[in-house]
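To start, the structure itself, in structure tokens.
Think of it as A, B and C in the order they're written, each chain with its own count starting at 1.
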Amino acid sequence: MQDFTFAFLNLEIVREAWPILWSGFLYTVTLSLITVPLGLVGGVALALLATSGPWAVRLAAACWTDLFRAIPPLVLLVFLYAGLPFAGFDISAWGAVAIGFFLNTGAYYGEVLRAGIESVPRGQMEAARSTGLSRGQALGYVVLPQAVRNVLPDLISNTLEVVKLTSIASVVALPELLFQARQAQSVTYNATPIVAAAVAYFLLLWPLVRLISRLENKAMAGR
Amino acid sequence: MSTTPSPIIDARGLWKRFGNLAVLKGVDLSVAERELVFIIGPSGSGKSTLLRCLNRLEEPDDGSIQVDGIELLSPKTDINAARRRIGMVFQSFNLYPHMTARQNVMLALRKVLGKGKPEAGEIAARALDRVGLGDRMEHYPAQLSGGQQQRVAIARAIALEPRVMLFDEPTSALDPELVGGVLNVMRELRQDGMTMVVVSHEMAFARAAADRVVFMADGEKLEEGPPARIFGEPQHERTRAFIRQIDRH
Amino acid sequence: MGGFESFLFSFFNLKVMATYLPLVAKGFGLTVVLALLIVACGLSLGLLLAVVRSFGLRVLNWGIIFVVDLFRALPPLVIIVLLFFGLPAAGITVSGFAATWLSLTLVLMAFAEEIYWAGITAVPKGQWEAARSTGLGFLQTLRLVVLPQALRITIPPLTNRTIAITKGTALGSVVGVAEILGASQSAMSFSANPSALTLGAIAYLILFIPVVALGRWVETRFAWKR
């Protein structure tokens, strides 16, 4: 038991590694604050193309969505970071993460939002247009707000996944929480920093998990 | 009529509280074999709760219930064995949507009575025939009208050959033109000598078919007697008001 | 060499692809085995937890809810790293394969439990009452009446979640599992050419595009009609 505490719950090590862990935590939060809006922008664009473009555009949007939902995000990231330099595109780890998340989470948000837009009755758009609103205004003021409300649980749940996914940035050596924890672990030969990182993720994301669970139960009961 | 020496249902001093609200305040109810008892009263009077206590879907806080000689509230009683002698029909039918009419009836025959598939299938067919749905056996609930669904639900209960049938507002969820079919089935059950306790607003049916009418209000039994007396010369002011209101419809 | 030619040479070098095809194909097999193990174990453990939860034993249910929340909140890669790099500190060595399998199984278990549970609670109370009134016991009612209805409405969300989590098998490459990504990454470093990675990406598409399409189909097919 004492060995276990020493190896996994070692407060001495936590104190020692605190500055580096804290910086990793802040980095993870920053990374999330950048990747979530990036994915949302991509998602809204995809959803609009998939619901209101001409048929060729709609088909292309659907293929694009399925393509990037089928490729594991880590594969995409490795491809961008380790593969592209061979073709002379030397993108930084930051660039690879930004593009990878835009493509991957954009596809997921796009799929959720598409379902949301399709759940809004056609009459809403027609009613809005009949009062003289432009197509863009009707989308922005009438259709999208309802679409977002209809799929809010899925949107929040997707956001949780994006934040969790930022941990793969450790693979391309961005100093986020998991990366810093691994650094601290290899320096101290002690697993405590990784446990501390896990606790930090849990504390950060638990409220979101509770919220989603409540919303999902309500949605399922409403079927 | 209700002076048979040993009643088939004998509930005494039933209390039921939901939080601070007492829904049943020491209600007694005894029902003789082959008797049809109607329970009427305004909504919130506790009549449905009383009915649901009679097969322990609702757990009374106090009191005792004997059904066919079984002490229902005793911890020693096998409640599942007891329940199959007490058929129940619900306001919202509660048919299993993933099973055909026949499978709905067969389920308890097979899993509670342990009958084999061919035998259970035959009993189910007979029960469905009895409620006039011999030609709808392989239909799913979604393919049946509300009245037909309720008749399947009755078949599901009578196939187990219960000693007593409880009906909880069996026609309230039905369109008016579908009520008649369900009432006909109930009338036939009555003629075959089934003991029945019915919570319902079908006053005409109560007048014509009931042996006894019980009037409840605010968790208490205010009066009971043959339909002619309860509807013709009610003793209690609340009963008079209730019947006046019902008759206006 | 022109720009396009150099692009082809880098990413679609057929010679490199042919050389490393067996390696990536082996990785493909490993990914499939890993994914099947995760799906089988994760879905059944999740169902088991949901059934136990339906007994309504308060303290036990708090435990279940905590475990489920924990594995929903933790990034899978963090769990993999914790098992693979952390457990040796306690004298337990696990292979990268085992660490990846166990982590993703626990994650799928947690998400599946939550979905099953939502499905069970979505079945109307009247279904329980009707079944119990005919003398069926608690477990009989759960198994014969409630679960068939609950499972049906859980199929679409469960399919999508299962697909998303099995894609996490690529995370195994971080702890040295030679699944598709791991295999093609080592091929890339042997050949100093990313065509092997292209091959890996194609392997994932072959594996997951049908599955993603299946998920889409399931979503429309199993819309609950009464």
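Following the convention adopted for this analysis, contacts are C-beta pairs under 8 Å (C-beta built on N, C-alpha and C of every residue); 3 or more make two chains touch, one makes a residue touch a chain.
The shown structure was predicted, so the numbers you read here are calculated from the model rather than taken from an experiment.
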Chain whose mean Cα position lies farthest from chain A: B
Chain with minimal offset from the mean of all protein Cα atoms: C
Distance between the centres, which are taken as Cα means, of chain C and chain A, whole angstrom: 18
Whole-Å gap between the CA centroids of chain A and chain B: 55
Between chain C and chain B, distance of the C-alpha-averaged centres to the nearest whole Å: 48
Numbers and ranges of chain B residues touching at least 2 other chains: none
Of all residues in chain C, the ones touching two or more other chains: none
Chain A - residues contacting chain C, complex: 3-4, 7-8, 66-67, 69-75, 78-79, 82-84, 86-88, 160-161, 164-168, 170-171, 178, 181-182, 185, 189-191, 194-195, 197-198, 201-202, 204-206, 208-210, 213, 216-217, 220-221, 223
Residues of chain B touching chain C in the complex: 55, 57, 80-84, 86-88, 90, 92, 94-98, 107-108, 111-112, 141-142, 153, 156-157, 160
Contact set on chain C toward chain A in their complex: 6-7, 10-11, 69-70, 72-79, 81-82, 85-87, 89-91, 114-115, 117-119, 121-122, 153, 164, 167-171, 173-174, 180-181, 185, 188, 192-194, 197-198, 200-201, 204-205, 207-209, 211-213, 216, 224
Residues on chain C engaged by chain B in the complex (per definition of touch): 124, 126-127, 129-137, 140, 144-145, 148-149, 152, 225-226
